[in-house]
Amino acid sequence: MLLSTHNLTKDFGAITAVEGVDFTLDHGELCSVIGPNGAGKTTFFNLLTGALEPTAGRIEFAPTSRSDPVDITDAPTHETALLGLHRSYQITNVFPTVSVLENVRIAVQAHRGRDSWQFWRNANAFDDHVAEAESILSRIGLAADAAEPAENLSHGEKRTLEIGVALAGDPDLLLLDEPTAGVSSEDVGTVTDIIEDVAADHAVMLIEHNMDVVMDISDRVAVLNQGELIEQGEPETVRNSDAVQRAYLGGYDSSGGAVESDDDANGDVGVSA
Amino acid sequence: IADPGDGGGGGGDTFKIGALQPTSGDLAYYGEISLMGFYSGLAHRYGADPVESVETGTYEMETDDGPTFEFVVQDTGFDPSTAQSVAEDLIIDEDVDLLFGASSSDSARQISTSVLTETDIPYVVGPAADADITVSNDYCHEQLFRASEHTAMDARAGGRYVAEQGDVSTVAIFAAEGAFGEGVASNYTEVLEGEGIDVLEPRFVESGYSEFGGLFDEAVEQGADGVVGGFTFATLPEFLPTAMEYDEMQAFGGFAELVTNQVIGSTIEATLGEGFTEQDIKDAQLGPFTTRYHWNQYDNPINDSFIDMHVDAYGIVPDLFSAGTFVGGSAVGQAIDESGSTQGADVAAAMRGMTVEETPKGEGAYTFQEHNNQAASSMTVAWPVPTTDEWADSWDAAVMPGEPVETYAADEVMVPASESSCSL
Amino acid sequence: MTDSTNDGTGRTATTDRSTTDSESTRTTPTGEVERLTPEGDSSPADAAADEADSWLHLYARDHLSHAAVVALFVVYPLLYAQLTAIPAIDLVVATVDPGAFFDAFLPATTFVIALFFLGLFAMSFDFISGYTGYLSFGHAAFYGVGAYGIILAANGKVPGLSPETPFMVTMILAGLVAFALALAIGLVSFRLSGVYFAMITLGVAQVIYVLVRNWDYAAGNPLSGPSHNGPTPEIGIPYVDSLSVAIGRLAGDSFENVFGLGLDLSATWVSYWAIGLVVLVCYFAMQRIIHSPFGRVMIAIRENEERARAVGYNVFWYKMVAFGFSAFFAAIAGALFAGFSNNASPDDTFYFLVTADALIVTIIGGIGTLAGPLFGAGFFQWLEDVLSAEQGGLAPYLRETLGEPILSTEVLGVTLGDVINSAVAGRAPLYLGIVFVAFVLLVPNGLLGSLRDRLGGTVAKRLPAVLERYRRR
Amino acid sequence: MSVLELEDVHTYYGESHVLQGVDLQVEAGEIVALLGRNGVGKTTTLRSILQLTPPREGTVRFAGEDVTGLATSDVANRGVGWVPEERRVFGYLTVEENVRIAVGPDGEYESLRDEIFTLFPDLERFRDEEARNLSGGQQQMLAIARGMVGDNDLLLVDEPSEGLAPMIVEQVVDALREASAETTMILVEQNFPLAMDLADRFYLLDQGTVVESGSTEGVTADDERIRRYLAA
Amino acid sequence: MIGTLSGFLAGLAVVPELAAIVSFVDVPLALGGVGDFLARLLQPDTLVRILLEGMGKAAIYFMIAVGLTLVFGLMGVLNFAHGAFAMLGAYVGGIVLVGTISAGSGVGTRLLLFVVAAGVVFAVMAAFGAAVETKLVRPIYDRPPTYQILLTFGIGLVLEELSRIVTTLRGIQPEPTWSAAAGTIPAVLEGSIDILQETLGINVRAFYLFAAAGGILVATAVWLFLTRTLYGLYIRAGSEDSEMVEALGVDVRRAFTVVFGIGTGLAALGGVFLTWDPTWGPSVLLNIDVLLFAFVVVVIGGLGSFKGTVAAALVVGVADSFTTWLFHTGIVTFPGLPEVTIFLLLVATLVVKPQGLYGVEEVGGH
């Protein structure tokens, strides 16, 4: 087991964005997280990485670098990152004016111990940082754009760069938040290829609205609705689950008990009930 | 590339004077009247016409029987750092033979401690008035001369007069932060306490301070019946009107220059109406003040021709600082003539202990003291009076200094050598 | 020009594209692509030889612009002396006086030296504000620490420090004190960002300023600050006389007939070179930091602090230390200023308008470009000099050139002379303000930033190529 | 004449090409549903109509007039109302002020307000309450009310049922029916049955283009063409 | 017990010199004991006086700061030219007052003319502010906030220098403050209020009550404008979500211009009060001094919050009058005390409540 959460909960004032989630993930697994807008998916990632502090619950993480699981419930972002938990963002969130290579290189550098404090040496003298960054760029297919300022990339390329930056920390677990959002149909394939490639040697959690992608590449799918984990399992199982169909297509409160779709997920949901 | 090593030696018959005064900013008026006085002093000595411009720039004054004087005027903006840096400019870039100036005591002090120590040219201070510039060993210097009157002289005249008249028993002192204000405070404290008068702890405020009401209230509470203010004209227009509101306290100290008189004048007019009298001012407990010099207090040919020359050239009568800087100029001329040299060092040597012949307070009325290069001269005490018709044209204020009620001779107002830490 | 859409943090970083990538040596298109393409068909031995050759070649090429700028600064005094000494020519109609002209329009000694203090201070300001994205509105406090530090030390007012301690040592000590002060301020301030960070640093600095204004211990009159009463400050190797020169316009070392060339070097110019040398060293030190792994983290923080945290940086400590470095160099600038002018007043050192000056020259020069502020400072000092009311300024020059009749012509009750006196003499701040507004509106990347945009890379990188182009024509 | 026409509209967020040539037409009095998965560009279509995110290519014609490139306020003043995603009521304004602000300086506010309050009795009850204190459903009502009072010829309604309890959804649906009696409407709705129930016609978006359209008559989510784009 | 703080520190200090070094805190706490100090402070006349004066000062701080807050709240622009607007207001007000009030004018006339001057200044300066907004600030809304700070700072610099030039040319200088304008204040406002003085022994300058009244009036007017007018509605809504307001058919750009104009007008109105204020008076130095105070108030209150500005102005005003009292009575002889206190308040507020008293995160973004 790589990651586990216990009763993970996050309140924003009156809203409970994530509610009592118990979730585990194994090494090497690719698990997608789906759910309607506002279901708490991004918030869940934020809790895992330490960008937000949970209101209640516990998170444990067992990176390959440690023998025992570490309690990362209250660990700040940079600590979870150093432990091997890395993420990409739903909204492109890179270093805009520096080069593509530098975007990745700076992330590589973060994991080279005290190197970052060597203010008396030239950054370019650290050949291994550069080499590593270059190999990541090759892997995500951005080698040709290495010298380009990141803000000059196309949207799709920025999405891949997002992944590249996350990859640079040599993660044990890679969290990808809607990596295909806004990517044109021709490019979605490229991004999925990269994800599959990465998933071969990393554990990955993927938030995605593109069901083709989700169903195609996931080992497991977890469904969040109104902050709760309502279903998880193989893609096929989840696809056929009534609750999921309802939650995901309906997009409104199915826990309110008012939804009476007994036989058919495509029935007259909610409105005239 | 200029050679800083060579301070003097401007050549045979040109004597180059670097003048530093504020010619911009709030206190430009101080600089202007000081320059007018200085030009007049030299012009008077040589029967020449004074330079008329009081702006920065280079000016020449030809003389018949003396050297040609070249003045390089630089703006200090009343700021010590600027004063120091322009003083250095004058020495290095302009190669002047002598420095004159500084209206701010802090500037004069800074030139003394940061510039004079590195050069051998003489410096005539004026009108910066803090006594310590010549009295304290920290600032006095063998190249530093001052003809202008200083705060200790103020206190020894005005303070003593008020004390002797027995009008006050407890005095509050409010003064500006900085050398000048501290000089006023310590000198008045010393003199008044010497006369057996209680002096409250002096209070120092920032330049331009205006909430004097509370300070006066507190002073009244502590029994003060007299108040002395040690301010430049950045603060006087705030201080004096407040002082006038407090009839229970007599305001005394040093007489001010024209602009402050304008402010007081209009304040009095506003409360008492246009036709106020001498007595009204006395009733408002405003005065008496000691004056270092005012044009209408001396009756002698030199003063008369000084006034004429001044009104002619500048359209106004000489003001508070004019005599001091006049004598500064006059003394330089006299020293050049006596030494027959235009070398700074020779001029300085001649000035030491010199009695200045031509002075607005009368012939030979200023003598440089051997021990500190401060010129000793007499002081007067007077009440402000409504400006008389005679001067209405050339003294543009509703009040002016009245006839002296007392004149203190030089030896009564100077700090005795024994009490001065400066001995050159 | 700018990009804030991707910045999920809502942070107030300035992200003009010219800045960082051009400052970092590896991201310009040429250098990088070369590196990435395979070696091609040349033999390994050839390649090695090529590389050694091109390494030197490249190095020289990279530093061509540095060398040019340094050379210009080095020869400036000689140039200035020559030009202002050109005698007036009496033509029949008028006198032409190029000397006076140059005197009026070339920055004089003090101003060029002031350029160094201000330039170094502004660079240190840019170091934190331009590279890390945190506007340090209280930066004057560090400048003040440097200035007061060396004077108090020289006046024997620092317990445990002998007044004889060499200037170079006290300067560095003052820098370290500033470093520590920055850490203390950072401790409370770095919880905030944007405007709030600017305001809290301003608040702290103003408190320090008011306290210093009333600090009787420091100076007889704390308002005008302490004067330097110790031995004349010397720049060089401490305790080695032959390798040190005293600075100061009057007290500094001057050399006559140098190398028997009949060349006299005044104390002012000796100070100029000595101070310039320290500034140069500081510049290279800061540049080194910015190009180091540490500096890259600073830039990452400016670009996107949230992401920097997410890739594993404990950004708080990077910000703290960057702030400390910046304070250190600000203090060096202050120490040089005080050491040269023998004096420091609170208004010239601790006051927030001193920070404002740094801000202005940083913008004019180009924020986020290390050398930019120096050029901005040059421009600033040039304006100050030309518009100063003093000798060698435009106002005296105009008065002299125009002559009395023109000056006293009256229009609407105001003479031209009056206008010159009030609208030209000492009015540098006005024109500076106008220039500044124009820069913000029209040249947001500043002098150097825009130049780089034009050239498409740092001047150091691009200059040789541009020259090459012209040579080929 | 159509109330609204979009012709080959291309809209970008920065470099991201979101609408890749959208064509659609809305006739007076219709309710048109805009369907599609998350992120296909439904909201962006509405933003493009209002010129909040002006299209880079193509034209938007409202009441026969080309409004592309106009200021948003101008488009709104020509009679386009908007009930945005996530409601976006002004939390620190009272309910009444939220309504007031939509009327504009010339509108006959009092009568419009009373009309609205009879339509939404809940809102009248909370008229002096700050909007942030309202429940999500009430806020949604308020947003719809705000869109309606402007006396608009076209109302753009973005996911009105999102995050609402079914009971509330019903009220909202009623409100929309009321509104549709007076204005033409474009409705973006994830709740497919609801959309089919309300709308006369639909457009189906995928990857920034219209892939299907037609009458809602008899269309169910089972429909292969719908299923392909909406479900997995 | 009479001691000084530094004496106290000397007792603690390991290094004996420390006491001398920290001599700037040489505040002779000349208390006949803490009790005595409290007794003095707690006298009703002292307390009431401090509070009344504090309110007067607060009123003026408020008038100047509120414009800053409005502009920031709606537009997200931190306006560094605000102090210069207040300074111009003081001068324009001074011109009107000096031009219309003669030595013989009675109290009523003077007060009336003051109101006229206030009206004129508000109108003129609001128009000026609107022009500045459209011509200079508008082109850079989409740049990072730093640039708006820099731009407005530059504008302030230019305005200050222009004022310097004009005042010098027109002979208003060499006086540091323009006393002719300050002198148009009616005598009653300069003295203390008789009734208070006679009945309660409270000696508070009538001007402060006048200013407090003015401040309350302005605050009420701004409050009514914000809450009762459609435009106010636009502004309040716009500071939450300007895009939504735009989509409701409101020309937000024009609203920006109007708000900037009003903010400028309010600053200038504060400037008119400064003309009669015993602590200030028309002077070019107002630019910087007033700017710093206004920032402190706005930041303490929470950027963009009207309520916060009111509260913070009161806090700062009372702190100012309290520390001024401490100084006047000689309990503390450190002249920088009020200033230091106010900046310490700023720092303390930001440390404890980083968003200020009533600040909301992310206000004013648009």
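The first chain written gets the first letter, and so on, giving A, B, C, D and E; residue counts start at 1 in each chain.
FYI, a contact is a pair of C-beta atoms (placed from the backbone, for glycine too) under 8 Å apart; a residue touches a chain by one contact, two chains touch by 3 or more.
Given the structure is predicted, the values throughout are model-derived calculations rather than measurements.
Undergrad: Quick check on the contact network: minimum steps from chain B to chain D?
TA: 2
Undergrad: On a CA-centroid basis, which chain has its centre farthest from chain A's?
TA: So the farthest one, by centre of C-alpha atoms, is B.
Undergrad: Measuring between mean CA coordinates, which chain is farthest from chain C?
TA: With centres defined by C-alpha atoms, farthest from chain C sits D.
Undergrad: Based only on mean CA positions, could you tell me how far chain C sits from chain E in angstrom?
TA: 34
Undergrad: What is the distance, in whole Å, between the centres of chain D and chain E, each centre taken as the mean of its C-alpha atoms?
TA: Averaging C-alpha atoms per chain gives centres 46 Å apart.
Undergrad: Could you put a whole-Å number on the gap between the CA centroids of chain A and chain B?
TA: Using C-alpha averages as centres, the distance is 79 Å.
Undergrad: Whole-Å distance, chain A centre to chain E centre, using C-alpha means?
TA: Distance between chain centres: 50 Å.
Undergrad: Which chain E residues touch at least two other chains?
TA: 335-336
Undergrad: Which chain B residues touch at least two other chains?
TA: Chain B, residues with two or more chain partners: 177.
Undergrad: Mind pulling the chain D residues that touch 2 or more other chains?
TA: 13-14
Undergrad: Using the touch definition from the top, list the residues of chain E that touch chain C in their complex.
TA: 15, 17-18, 20-26, 78, 136, 139-140, 142-147, 149-151, 153-158, 160-162, 164-165, 168-169, 288, 292, 295-296, 299, 303, 334-336, 339-340, 343-344, 346-347, 350-351, 354-355, 362, 365
Undergrad: Over in the complex, which chain A residues touch chain D? Could you list them?
TA: 36-38, 153-155, 158, 178, 181-185, 209-212, 214-215, 239, 245, 249-253, 256, 258-259, 266-273
Undergrad: Touching chain B in the complex: which residues of chain E?
TA: Listed in rising order, the residues of chain E that touch chain B are 28, 103, 173-177, 179-180, 183, 187, 190-191, 203, 205, 278-281, 283, 285, 324-325, 327-330, 333, 335-336.
Undergrad: Hey, which residues of chain C end up touching chain E in the complex?
TA: So the residues of chain C touching chain E come out as 1-2, 4, 10, 12-15, 135, 157, 159, 188, 191-192, 194-196, 198-200, 202-204, 206-207, 210-217, 222, 352-353, 356, 359-360, 363, 414, 418-419, 421-423, 427, 429-430, 432-434, 436-437, 440-441, 444.
Undergrad: Within the complex, which stretch of chain E touches chain D?
TA: The contact residues of chain E facing chain D are 230, 233-234, 236-237, 240-241, 243-253.
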